[in-house]
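Each of the two complexes below includes chain A, the first together with chain B, the second together with chain C.
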Partner chain A sequence: MEVPVKSMEPQPKPKPKIKPDNRKSVNWTPWVFITPHLLIFSVFFLVPIIYGIYISFTSWDLIGKADFVGLANYKEILFQKDSSFYTQFHNGFKNTFIFVILSVPGCIIVPLLLASALNAKPRFHKFFQSIFYMPTLFSISAVVIIWTLMFNVNQGPINNFLGESILWTSTQPYAWAAIVILTVWWCIGGNMIIYQAALNGVPRDLYEAASIDGANAVQKFFKITLPSIRGPILYTVVITTIAQFNVYGQPLMLTGGGPADSTRVLLMDIQQNAFGSGQPIAGIASAMAIILGLCIMVVTFIQFLLLRNKE
Partner chain B sequence: MKSKLLSFPKLVAFLFLLLMAIIWVIPLVWGLVTSFKDDMEFQTMGFKFLPVEWVTTNYTSLLVDNYSTPLLQWFFNSLIISVVHTLLVLVVVSLAAFAYGRLRFKGRNMIFMFLMATMMFPAVVNLVPLYKIVDTLGWVNSYWAAIVPGAAGVFNIFLVRQFLANIPLEYDEAAKVDGAGDFQIFFKVVLPQLKPILMVVALFSFTGSWNDFLWPSIVFNDIEKMPITAGLQLLQGMYISQPTILMAGAVIAIIPTFIIYLFAQKYFIQSMSLSAGIKG
Partner chain C sequence: MRKLGLLFMAMILVATLSACSSNSSGSSSGSSKEIVFWNPFTGPDGKNMKKMVDEYNKTDPEYKIKNISLKEGDMYTKIQTVVNSGENIPDLMIVHAERIKQYVDNEMLTSYDDYLSDYPEIKEENYMPEAWKIGDLDGSRYSVPLDIHSFVMYYNKDLVEKYAPGALDDNIITFDEIEAAGEKSQQDKITSLGVTWVKPNFLSLYAQNGGKLTENGIDPTIDNDQAKASFQKWIDLYESGVTNKDGEDPAQLFLQEKLIFYPEGIWMNNNLKDAKFEYGLTNAPQLTDDKSKMVNWSSSHQFVMFNSKDRSDEKSKGVVAFIDWIRDNSLEWAKAGQNPASLKILDDPEYQKMAQSFLLKDPEVQASLKIFDYKYNGYVSEELDAKGLDIIFGKIPVDKGLADIQKTLEDKIAKDASNK
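And now, the complex of A and B:
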């Protein structure tokens, strides 16, 4: 016991130095709590963002050395008309936009109608709510497999119900219709719950006052309901738009991007160029991803401005 | 008089919901019953909603084929990936949220604001570099590739920290008076009270991980190692001419999240309004 005490004795001697004491006052405990996340965050989010921007300025096959080429990739996909990447990018970008424009209204209006009806609290409303929310929890690949058969020319229930033999997945405009129907079916759950919560917060006496003034249900919906839940609607428009910009699984597995690449979206090109069967073209793929990312950021920024205005 | 006025809108709402619910449920029911149809019957007998003869051959032939489409192995892979990912998220998120919400240290607000600001960077930008990083770590075709990167997210920390703000500080302070350190306060006082929100984080992490499609389909090319969502794409290519087998595969892939939904429905529904309330 005495030996360690003796060896410790000389240490307190250089007391005049203030530094060690200062160091002691720094509390390292908080860093123990945040380091696991910060580490994962840095390696798998922060570094990749910066790295991804850099890659977009290079010519690279993901294996060898990346050659810095400046803005060449962006120039090629944006302006170089004779390049196949130009055609690819413009087609993919256009189709991604078409998908966003076609699917977002459905992903807003359908759940809004459902939430309004659920808000009237008819019989079995809890049960209905469960049914509408459920598809959101299923993986896109399983959902597409089921819907591919729903849209099947001969054996599919849709054609049999309509008495038609529409080639849903291989002719336009049906291919877009099929993708949008599947998407709306899959994604309304979250928005519906958000609207239900918002509708619950609209004061009942507003409706009662309107009833006394002789307003009908439709007038009440447009004059009271919609203005009262403007905030949540804006919020869902933004998050839905961002989500739909990332469309990938639906066209990949339902139409294969067809007919004639008319439903081929940008993420399919990015995936193909970077990880497809051929030589990886990581620089071009990254440049495409960054332009797509910029579009999403613009939407996010608009959301930020709108929320600012609200406050 | 009043009850009549009230009941008419209710009736309209009910009929509308009933119609929509039927539309919503048909694909699921039809997918399920079709997975019990004999393939020959399905291909040749014309359209029938229900099977003429209920068979389980689609399931048995899928489960027996372990070579080109090892469905059971995929299911097992998905299960390991989703469970470990969820546990990792719970640990990482609750620790960080506690520090940002309760502890005082230099740079705390700056770091947290920085993390929040990075949330506006969309994940697509990361796809190519993330693959390279995961490859450098030797994680291509490894469960880790699907487990760890998803834990980098900031939103869950924000969510839990927000929840923490509504738990009175008195509990912490009482524990502090009794001589408890930060770790003891975290484990004994705070963690038990975080249970409801951590439940939400766990459910969304699990279903999110189970359903993730793009990333696993990039980072796994070894058939034995991939999760079921990526596997279904292979299955689709393999059985394109035998749709009843495909249906069986889809049903199997849906089962876990369906069971979770049956038991934890209220958490999903509460959490959606919770996160919207915070953001909107």
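And now, the complex of A and C:
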């Protein structure tokens, strides 16, 4: 029966005289760790976003005074059919969506297949891994220059190989095909590395057991591999979708938004309105950007729901 | 150990904070004896400008020049931000002629009026008139020109000899001559005319047709018969196979000796110097060979001072001293392929031999250089760049294209509060 004695012992410990009031002392340690990030996050992210939202409610040329106009910018780009900004926004938004729908599957499936292939550890797999990863390291300008040469009508290797004279960058549907091919090639590396890491973590004995049960490679891929790396796939789908919504450099430099504005994406309009060669129209540009941002959030949310519910 | 970690984190925090507050852009006009000079010369011409600045600094002026070359797009974005914040405004900056009206309307520029009295040579008679008049607004002088750069035409001498003999006797190539040459050269798979940058090509022809970008200085006038006729000319040339095909690169064709006429800017001359054949430089394509009706699209780099509370009167005088020195020493700029706006250059024998000098030597040709200084030129450029090629290559009907451009211009201009 020693327990009660022990529990009695701490009693004399409280010394109210050292802490005169009952206020809880604040533990500063986590704050010290989090502050640098919080500070940078606020200065470079939170403040600009709030400022951007404010600008979207104004009419402003970035020079004079910003006139508050309420929801007029949103009304104009969303509903006012006779405005060029309405046309700009709807065309740009449609094209951005088309691009996301066309490119995201490629940016997921191609790296996944390559990662699975490398995971089988064939000969020279390290070498191929480097080759596949390399495009990701290039800047978009370099990538577009490479592919402009590849898609060249007369001298391009692609047309030579096909024996055709397709105008890849200035006729549809080839312009979209060119942009999507370029994009998939460019972003293979990032996702592939994530899948490789995930595949390494899938226990080998699952495959062995499946082999004993007579499963073939395809069955193993769909029944073991895919479910085992669902987390990383969800992550890459979300990240890739967000990234592709922000498409800008590829159409800007490869097709210039053509032919007839059919590859002109929303960010090109936003950039031109806010920082083009003419007087800035920052309110409209901000409103377009905010709607694009909201849309990315909604789509991401839906993706989360869909992929989670499968569990 | 924990205390050590806290100390470490605190140090990082302090470092972050101080990095945020310190002036890291390096373009402060605070330092007293230095003129911060922004310019958009990041290409090969940047070296020429740097050389000129170095030469000037060697003359031991009271205020030395600090040369900062920025990418054009970044420079124009950045200047808005710094003018807004009132900090780090450059003392001197080069901007394109077409932007000046807008900056003046927004009360962003400082006039040179109070500082020119000590430099009597900075006057109208000493500068190329078309470039000089840009800076004269509301009775004040807001800019001084550095150069006037034109969009002209390169030609392959052998091919001209073969397909358009005699066409260059008057140094004017008409569209008819180009077409006639194209009809002959097509059989040999030689292209007559390159479809290059649509904006200057179109605007040169539009002005020849009597078109204007605006009648009253504000409202755009581009959906009209003159514009239609101008585009139609290029469409016809394309459809009859006189121009290169869609997707072909005229620069490549020209270098491979498969193109006779290659319209481009005089600033491209340095890029063509490696060509393995003889080429010449002449006026942009014209409708007639009447010299007095000729138009060559041009623009101009101009020295301006954005309003800044940090720039003292003394420093502003230092700025003008530099501009006056440039007026006197602009041969280096001509070496970049440009035509200096200071007419003193015409006395220089070395300049006289340069290919681009034909535009300044003859007063009648000089009069053909036209700067499209419409306040909303920036919007016009964007629209022509976005739709021009599609119109010529038949992907947008010309009527629809022009109507769309007109509508977009009107909607964008309606947003500008500086008119009201």
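To be clear about the criterion, the second predicted complex is superposed on the first by the 255 of 311 C-alpha atoms of A that agree within 3 Å, B and C clash if a C-alpha of one lies under 4 Å from a C-alpha of the other, contacts with A are read in each partner's own complex, and residues count from 1 in each chain.
As a convention for this text, a residue touches a chain if its C-beta (ideal position, glycine included) is under 8 Å from a C-beta of that chain, and two chains touch if they have at least 3 such contacts.
Everything numeric in this text was worked out from a predicted model, so none of it was measured.
Novice: So, on chain A, is it clash or fit between chain B and chain C?
Specialist: clash
Novice: Just to be sure I read the superposition right, which of the two partners does A:62 touch: chain B = first, chain C = second, or both, or neither?
Specialist: both
Novice: Quick check on the superposed pair: does A:225 touch chain B, chain C, both, or neither? Answer first, second, both or neither.
Specialist: neither
Novice: Name the contact category of A:95: first (chain B only), second (chain C only), both, or neither.
Specialist: A:95: touches no partner chain.
Novice: Going by the contact rule set out at the top, does A:36 touch chain B (first), chain C (second), both, or neither?
Specialist: A:36 contacts both chain B and chain C.
Novice: Among the partners chain B and chain C, which is in contact with a greater number of residues of chain A?
Specialist: B
Novice: Is A:260 contacted by the first partner chain B, the second partner chain C, both or neither?
Specialist: Touch partner of A:260: chain C, not chain B.
Novice: Mind working out whether A:125 is in touch with chain B, chain C, both or neither, as first, second, both or neither?
Specialist: The answer is first: A:125 touches chain B but not chain C.
Novice: Please work out whether A:275 is in contact with chain B alone, chain C alone, both, or neither, and reply first, second, both or neither.
Specialist: In the superposition, A:275 contacts both chain B and chain C.
Novice: Looking at A:103, would you say it contacts chain B, chain C, both, or neither? Reply first, second, both or neither.
Specialist: A:103 sits against neither chain B nor chain C.
Novice: Can A:240 be said to touch chain B (first), chain C (second), both, or neither?
Specialist: So A:240 meets neither chain B nor chain C here.
Novice: By the touch definition above, which chain A residues appear in both interfaces, chain B in one complex and chain C in the other?
Specialist: 29, 32-33, 36, 40, 43, 62, 152, 154-155, 275
Novice: List the residues on chain A that touch chain C in their complex, please.
Specialist: Residues of chain A touching chain C: 29, 32-33, 35-36, 39-40, 43, 59, 61-64, 67, 83-85, 88, 152-155, 167-170, 256-261, 264, 272, 275-281, 283-284.
Novice: Quick one: in the complex, what on chain C touches chain A?
Specialist: 2, 6, 9-10, 12-13, 16-17, 20, 73, 76-77, 80-81, 83-84, 102, 106, 108, 245-249, 252, 376-379, 381-382, 385-387, 389-390, 393, 395-396, 404, 407-408, 410-412, 415-418
Novice: Within their complex, state which residues of chain B touch chain A.
Specialist: For this pair, the touching residues of chain B are 9-14, 16-18, 20-21, 24-28, 30-31, 34, 42-43, 47, 49, 91-93, 95-96, 98-100, 103-105, 108, 111, 115, 118, 120-133, 135, 148-149, 151-154, 157, 181-183, 186, 207, 210-214, 218, 228-230, 232-233, 235-236, 243, 246-247, 249-251, 253-254, 257-258, 260-261, 265, 268-269, 272-273, 276-277, 279-280.
Novice: Using the touch rule from the top, collect the residues of chain A that touch chain B in their complex.
Specialist: 27, 29-34, 36-38, 40-41, 43-49, 51-53, 55, 62, 113-114, 116-118, 120-125, 128-135, 137-143, 145-150, 152, 154-157, 160, 185, 189-190, 193-194, 196-198, 217, 231-232, 234-236, 242, 245-246, 248-249, 252-253, 267, 270-271, 274-275, 282, 285-286, 289-290, 292-293, 296-297, 300-301, 304, 307
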